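Letters A, B, C, D, E, F, G and H mark the chains as written, and numbering starts fresh at 1 in each.
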Amino acid sequence: MDQEELRALLDGLSQGEHTVDDVLQRLKALPFESLDGFAHLDHHRALRTGFPEVIFAQNKSPDHVAEIFQRLQQRSKQVLATRVTPEMYALIQPRLPEATYHPTARALYLDREPDRKKRPGVLVVSAGTADLPAAEEAALTASLMGHQVECIYDVGVSGLHRLLAHLPALQKARVIVVAAGMEGALPSVVAGLVSCPVIALPTSVGYGASFGGLAALLAMLNSCAAGVAVVNIDNGFGAGCLAARINALAGEHEHA
Amino acid sequence: MDQEELRALLDGLSQGEHTVDDVLQRLKALPFESLDGFAHLDHHRALRTGFPEVIFAQNKSPDHVAEIFQRLQQRSKQVLATRVTPEMYALIQPRLPEATYHPTARALYLDREPDRKKRPGVLVVSAGTADLPAAEEAALTASLMGHQVECIYDVGVSGLHRLLAHLPALQKARVIVVAAGMEGALPSVVAGLVSCPVIALPTSVGYGASFGGLAALLAMLNSCAAGVAVVNIDNGFGAGCLAARINALAGEHEHA
Amino acid sequence: MDQEELRALLDGLSQGEHTVDDVLQRLKALPFESLDGFAHLDHHRALRTGFPEVIFAQNKSPDHVAEIFQRLQQRSKQVLATRVTPEMYALIQPRLPEATYHPTARALYLDREPDRKKRPGVLVVSAGTADLPAAEEAALTASLMGHQVECIYDVGVSGLHRLLAHLPALQKARVIVVAAGMEGALPSVVAGLVSCPVIALPTSVGYGASFGGLAALLAMLNSCAAGVAVVNIDNGFGAGCLAARINALAGEHEHA
Amino acid sequence: MDQEELRALLDGLSQGEHTVDDVLQRLKALPFESLDGFAHLDHHRALRTGFPEVIFAQNKSPDHVAEIFQRLQQRSKQVLATRVTPEMYALIQPRLPEATYHPTARALYLDREPDRKKRPGVLVVSAGTADLPAAEEAALTASLMGHQVECIYDVGVSGLHRLLAHLPALQKARVIVVAAGMEGALPSVVAGLVSCPVIALPTSVGYGASFGGLAALLAMLNSCAAGVAVVNIDNGFGAGCLAARINALAGEHEHA
Amino acid sequence: MDQEELRALLDGLSQGEHTVDDVLQRLKALPFESLDGFAHLDHHRALRTGFPEVIFAQNKSPDHVAEIFQRLQQRSKQVLATRVTPEMYALIQPRLPEATYHPTARALYLDREPDRKKRPGVLVVSAGTADLPAAEEAALTASLMGHQVECIYDVGVSGLHRLLAHLPALQKARVIVVAAGMEGALPSVVAGLVSCPVIALPTSVGYGASFGGLAALLAMLNSCAAGVAVVNIDNGFGAGCLAARINALAGEHEHA
Amino acid sequence: MDQEELRALLDGLSQGEHTVDDVLQRLKALPFESLDGFAHLDHHRALRTGFPEVIFAQNKSPDHVAEIFQRLQQRSKQVLATRVTPEMYALIQPRLPEATYHPTARALYLDREPDRKKRPGVLVVSAGTADLPAAEEAALTASLMGHQVECIYDVGVSGLHRLLAHLPALQKARVIVVAAGMEGALPSVVAGLVSCPVIALPTSVGYGASFGGLAALLAMLNSCAAGVAVVNIDNGFGAGCLAARINALAGEHEHA
Amino acid sequence: MDQEELRALLDGLSQGEHTVDDVLQRLKALPFESLDGFAHLDHHRALRTGFPEVIFAQNKSPDHVAEIFQRLQQRSKQVLATRVTPEMYALIQPRLPEATYHPTARALYLDREPDRKKRPGVLVVSAGTADLPAAEEAALTASLMGHQVECIYDVGVSGLHRLLAHLPALQKARVIVVAAGMEGALPSVVAGLVSCPVIALPTSVGYGASFGGLAALLAMLNSCAAGVAVVNIDNGFGAGCLAARINALAGEHEHA
Amino acid sequence: MDQEELRALLDGLSQGEHTVDDVLQRLKALPFESLDGFAHLDHHRALRTGFPEVIFAQNKSPDHVAEIFQRLQQRSKQVLATRVTPEMYALIQPRLPEATYHPTARALYLDREPDRKKRPGVLVVSAGTADLPAAEEAALTASLMGHQVECIYDVGVSGLHRLLAHLPALQKARVIVVAAGMEGALPSVVAGLVSCPVIALPTSVGYGASFGGLAALLAMLNSCAAGVAVVNIDNGFGAGCLAARINALAGEHEHA
């Protein structure tokens, strides 16, 4: 039952064609999806984040990815597909001539408003250059969601001076994503230097007892620094999205 | 070397008592702790959060906890000690007559400004009543840090109507802490209903294959809902602190 | 907004006091909890299972358990609290004089209809006598839910003749709960002998590399026999409840 | 020793050719397989499920799979081989011209009675489109076993309205298979909405701390909703077979 | 149906009281337990090992243990209960005046033939004195089963000279049980020095990353020395029983 | 220092060329490898097992494997290389024209005494056909070591009648290797039917929560049947070697 | 055979009482322990470390610990027992009046040369005060072994300025033990600031996903800083002993 | 702000151009990176180890590796890239004509001072030939860092005589790296024979329950021999680097 049907029902009541009891009975049985409220909620989310759905391309066929991407770009100004391998991109590129491929972030995206003003405040930090795929995925995600992102890479804890050289940038940020593999210590160190929320993004960089990023993940969950938010291993998209949600909050009252 | 010594050194240079090279040599060897900048940083953090140190009482002797608490209450308006068992509280209560014990949160605290205006925006949700210790620890922490906290308890996913009844409160919040044990599904459901950041707080509630909260933790890390921040199992303090950091951000621009 | 308010709203429309657009607007904003359908759903569930809520006593205070039990016994004919230790029972027994304590199943229950006719079909099998707590919890749960339960205990796979002696009972059952710890092999063997659904209930019986029942759990999940349903370690309640759901299905068409 | 030999032996006794002691001695030494009871049991199972053996093609050579399939199709009306890759299918297709390949379910099957009347009651639900291989394997299995299967896909918990739109279908089903990867929360939500048995089918969809489906598996085992049956990760066949066993039970008394 | 009933049935056939078809029908329905072969099998095992059942006292009530022990001692010359704590022994000692308690092995046993000739060949070796509970449980088990056991203790791999001093005893044994906790390296070293079967018995001795004996268990399973048999952590009974099975084999042909 | 040097030293002492103190000093510094006892020990092992070293080909280059094989075949009548892939065999076949490749066991071997009399007693049992690689590796290993091996395959616990049909063969064996993947239940069942040692050989057959054979391994370690020896996952060589060590023991006294 | 017997044997040869062949034969059969070389080796180790054996008191009875301690103090100037609980100390204190108890390190020790000159160079650093038991055990161990130990406590990575204030002391050390629980990040940071070997000592401080110190252990094993040595969780003794071995090396050439 | 700026600032103060307060203010804001001490520290480390950065080639593109290598060889006499596959080497060889590839260690390196005098003392021992990649990586690393390395390979614990034959070399070393996979027992045995520090290097050699080297890692962490330092699985570079740090210590005082 969509809004038209509902209106028709109420019209019928208003015009004496239905009794109140009849209408009451029909309303009780309303399937949930037909409630405008719900649809509105979903629509509202879409409006705020700028894209109603992000395509997780892993485990999807190239055809499937291309098809969803095409559908989304008909109604959204920004479209994002994550975990797109170069091989997949080569296959679907002809069907998506407007889309841009970001090889490090392994992401395919479309931004029809590249020049819109973005909200400053998001900083992405990485421990090593091998953490770049996750870090760049986070940066791209937050950027597409309307946030201005700065990046500081290769400032791992075994050479503190590299990190401390960027103290001013760290302390200026409103939310910081810190990507690190191996022992995953960087978020703890960063969170001790700043007062804003820190998003710890463990990566699968490492070998042996890193167990595919488990060591970094556990380290981040056990951070002795308060105020650290953790996401899944290699989940750059989630980290970027969380950063956007937080930074959007900061902006909420900015122009009030 | 504190600020006075540094000033004396520079005075000596200014008055011709030291050469530039002497002073340069001394400055190079400056121990880091003597840098005002660093001390200032730490001080700054204290000012913002309201209490420079939180006492993690687990593994500490009652004497030790009482002593640190007494020291902190001499210079802070709010003091918080977490993981204080009733047995420990019974022992140290006589030495801390001003402190209040929160038995569910297992926390001991002192708030000398109970009537100050707090910043609204933090919501704490729990799946079951067994999750209350962690949830209440989060709520108390955020509250002591100056945030107004609302709580909705016992709205687990196996009875969705209980949760959906609180949809308006969920959608009004600026940041939501969601505590859940067992399968840990509630944060995913909540995050799908709102657009603000959601902090997933896994608890050790459960048995068997819950493995002390591991099942809930993994579920939260793998949430299909974007924008979920995860903290350690039973880390109510961390969740509350993170909520405070995020909600403070929202307030940053509020009065600009 | 409850049903009365909704009726008033529709009355207003019917009587020309509200316009269709006004009513439409109000309906869109309907909070979910006010929908009769939802409340009905929950009520419906209670009617079918016979008790709207089961008390998981672990991690609850004796006072809390006694209080919930008292509340439930005012409106239900059957009440069940699981994971009640003898110590807890000793404390709350005076307040619950009608309740019965089942020491092996560690359960406290009340059944106001002990003589009602129960639906036959549920069989509970255990590998060893140490598995009895879980097995008896399953049996009691299914029984309270209105099912007639037969039990065969101590028929582990290292002495096949003990199990095979009960082949007729196994093949007569409509659903079988099989409790086993250690290597957890019994459900596979039983499922190979029957065609009805088999519920594998791993127990924490064992030591060393049983890892608290993990070995049995994994074995059951990897059963080479098709049609095996697995529940959590020591989750006798869940197994009994699932058996009741399945056996109720069998009965659904029985009297049609 | 088959039934004929046994009859000959008893005839001999009846006609005085053997003594009672001789026959007693022979019977004691009876190998178990020669017991009609046992053979009957096996035969009985075959009759009920419609196919005496399902081919698990993984780790088998294409030749081996083709050969078993050919043997089975000589005596069964339905034949099923699971985990058949497209590469394997390409190799064996010429030898199995009658068989149909289901690429999503990765299954090869033969159904000589496509038009037989199937028993309604089985519903298969999936959280995401990436869960389709497991979900479709479950649906195909139950269908080949004689059950009418409905499917609802892509109704994950991060968008509750999608699931709630199908509430009537959920509440009408007799048994529901719920496939989900990542945090595996959907079965708990579904089981809270219905009163029939729910079969939780964890999938390996996810990355990082999903640990190949472990996160979803643990979540399902720890479901706070009672009456949830769990099967192995990606075990669509097992879920479908269990659904068939349960739904068959419902039908047992249907036509009585 | 026991042998007498079967004989009566055949007598009836022989005497024309039953038809062949009747008897055939009855035989098909024979419950398995009534087969002499099976009962004999079990009996045969009892005869060989000397005690039909060993009591695993952990998780059993003292009453239950005492009762089973009393029952067993009425028909067996040797009785063994393992995992009997001193507290349990204190409670049941008055009811079992003939039994002997072995505090290190935490075992309660009765041997009515202490002077029988035992079969030589079993050697029990331990890495440290902390491994004695498991080692002594193994030794006592094998001894009660009729084997002569020698013991060499505290010969861990960090002081090879201690082990090598016993080379002649090692090379004379027919089967060796090697108990070790921590890194569990001793079985590999011993198995490299001898040609007989080596039973590796991991113990839970250790802390931290020993994970309750897991480290030792994994080490033993990965032994680079061929011919190592592994049992569960702290499973001294299993090791002793396996040693007895193997050494019995050696003796099988000894007196032929 | 070899034996000749030692003799020369003692000759010198005997003939007054060295003093006792000199010789004493030299003996204290004796490197261990020069002790005849040690060398003899190693030689002795070689004589008994028939091949001084088995080549574990995994992680070795084809060249390396071929070279060691050639060296070993110059001094041994039996040579065995395990974990040889078909690809590796294709590369080294030309250099090893006498060797035989066993594709199921993935083993390359040479037996210059194919007709020698072997010692009966070893039985290899497998749960499914997918367990054949491990089972055949065990059988080939024991056979090359001089034991006569019988095999019973595809007798998993979900169809007990298949196993029970072979009861006589099981009860005749002196040592049984039982290979099983998935839930790994077969060794427990077999060990309950026989009195000889049972070697449990877990295989990596399975998927999902089998975790590469971990489920089967844990099940076997936790067997409720006493007298079960466990080896590493897929360690057919180890199981065969252990069976040979045990069966050799049986034979030790055979011809005495 | 000790040195005297060996001398007697050689004397016999020298005096013509034995032949060379006789002596050769006797020497071949020499049990290993009787070789002076071996005893000397062990003796040599004792001389260097100062105490031939350290008592690991956990899992030992108080009597046993007291007895070994008494025996060791008769021949050693330093004696150390680790993991001595206060309860155990209370029981054995009367028998060991000379021994000193260190409650934080849970160690009992005796040092008869408290004033000997110790070798400088060992530094022990801890992240938090809760890590003191492990840190102090390390410090006491190294000290008793003759090394001068400095300590810097409570300098965790979430407040870098605390650590950096001690940079000169860090850079002066020859070997540094770094104790840390929770995320275990401190060793990586320290190792990046110095060029000497760093011994990472993970502690079990933490909760939830620290899994008893596993998180810290994994972090340390995955350190991105080169030159980090890791020991077991809470193994303060091992860390102290390793520090002593390394620092002794530094001293080896000091006075040459 | 570099040293020149700092000097200019102090010059200004000295010459009355700035006030003390101005300078004080500027110094407080000093970014950390401009401190000479810090830069010097890093430089100091480079001087001591001989190469300021080691390239971890895994997860880097060949172009990236070649480029960094070229940059490093312009300012360092030794350059090392680890985890370089033969395929990667083939691609970058033309651009790095001076570099040498070590196929077993999978390392690419450049040493412009091949004839410099190296410090003796490092010994690398391996259990099997399959451990060579890790062992050789350790040896090459320590060698490039200026240490003379001896190697003893294939001396696993299942054939002790092979190890004991090298006792003199073991006891002469100043630091020993012991590489072992499978059960990882060799470091414990070696550490019991020597008094110098032993670095345990677990390798991923093995299968099944070795879990990619976890078994060896755990064994080494639980070594009963004191003074064992553990590094990550397959971390030959870390082991070599740690050996160099330790051996450098020995040399520190050598020429004093």
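FYI, contacts are C-beta pairs under 8 Å (C-beta built on N, C-alpha and C of every residue); 3 or more make two chains touch, one makes a residue touch a chain.
Just so it is clear, the model here is predicted, and its values are computed rather than measured.
Undergrad: Going by the stated contact rule, which chains contact chain B and chain C alike?
TA: Chains touching both chain B and chain C: A, D.
Undergrad: Matching F-H on over half of contact pairs, by residue number: which of A-B, G-H or A-D?
TA: A-D
Undergrad: Interface overlap for chain A and chain H, more than half of numbers shared or less than half: same or different?
TA: The interface is built from different residue numbers on each side, given that under half of them are used by both copies.
Undergrad: For chain D versus chain E, what separation do you get between their C-alpha means, in angstrom?
TA: 40
Undergrad: Measuring centre to centre with CA averages, how many angstrom lie between chain A and chain G?
TA: Measuring from centre to centre gives 50 Å for this pair.
Undergrad: Averaging over Cα atoms per chain, report the distance between chain D and chain G in Å.
TA: Going by mean C-alpha positions, chain D sits 59 Å from chain G.
Undergrad: Using the touch definition from the top, which residues of chain E touch two or more other chains?
TA: 37, 41, 159, 164, 167, 193, 208-210, 214, 217, 221-222, 226, 232-233
Undergrad: Let me make sure I understand the interfaces: which chain pairs count as touching?
TA: Pairwise, the chains that meet the contact rule are A-B, A-C, A-D, A-G, A-H, B-C, B-D, B-G, B-H, C-D, C-E, C-F, D-E, D-F, E-F, E-G, E-H, F-G, F-H, G-H.
Undergrad: Applying the document's contact rule, which stretches of chain G touch chain A when the two form their complex?
TA: 127-128, 156-160, 164, 182-185, 188-189, 191-193, 206, 208-211, 214-216, 218-226
Undergrad: List the residues on chain E that touch chain C in their complex, please.
TA: My answer: residues 31-33, 38-39, 41-42, 56, 58-60, 64, 202, 204, 212-214, 217, 232-235.
Undergrad: How about chain C: which of its residues touch chain D in the complex?
TA: Answer in residue numbers: 41, 44-45, 48-49, 54, 171, 174-175, 193, 195-197, 199, 217, 221-222, 226-233, 237-238, 241-242, 244-246, 248-254, 256.
Undergrad: Please give the residue numbers of chain G that touch chain B in the complex, ascending.
TA: Against chain B, chain G makes touches at 129-130, 159, 161-162, 164-165, 167-168, 205, 207-210.
Undergrad: Can you check the complex and tell me which residues of chain G touch chain F?
TA: 3, 6-7, 10-11, 13-14, 16, 19-20, 23-24, 27-30, 35-37, 40
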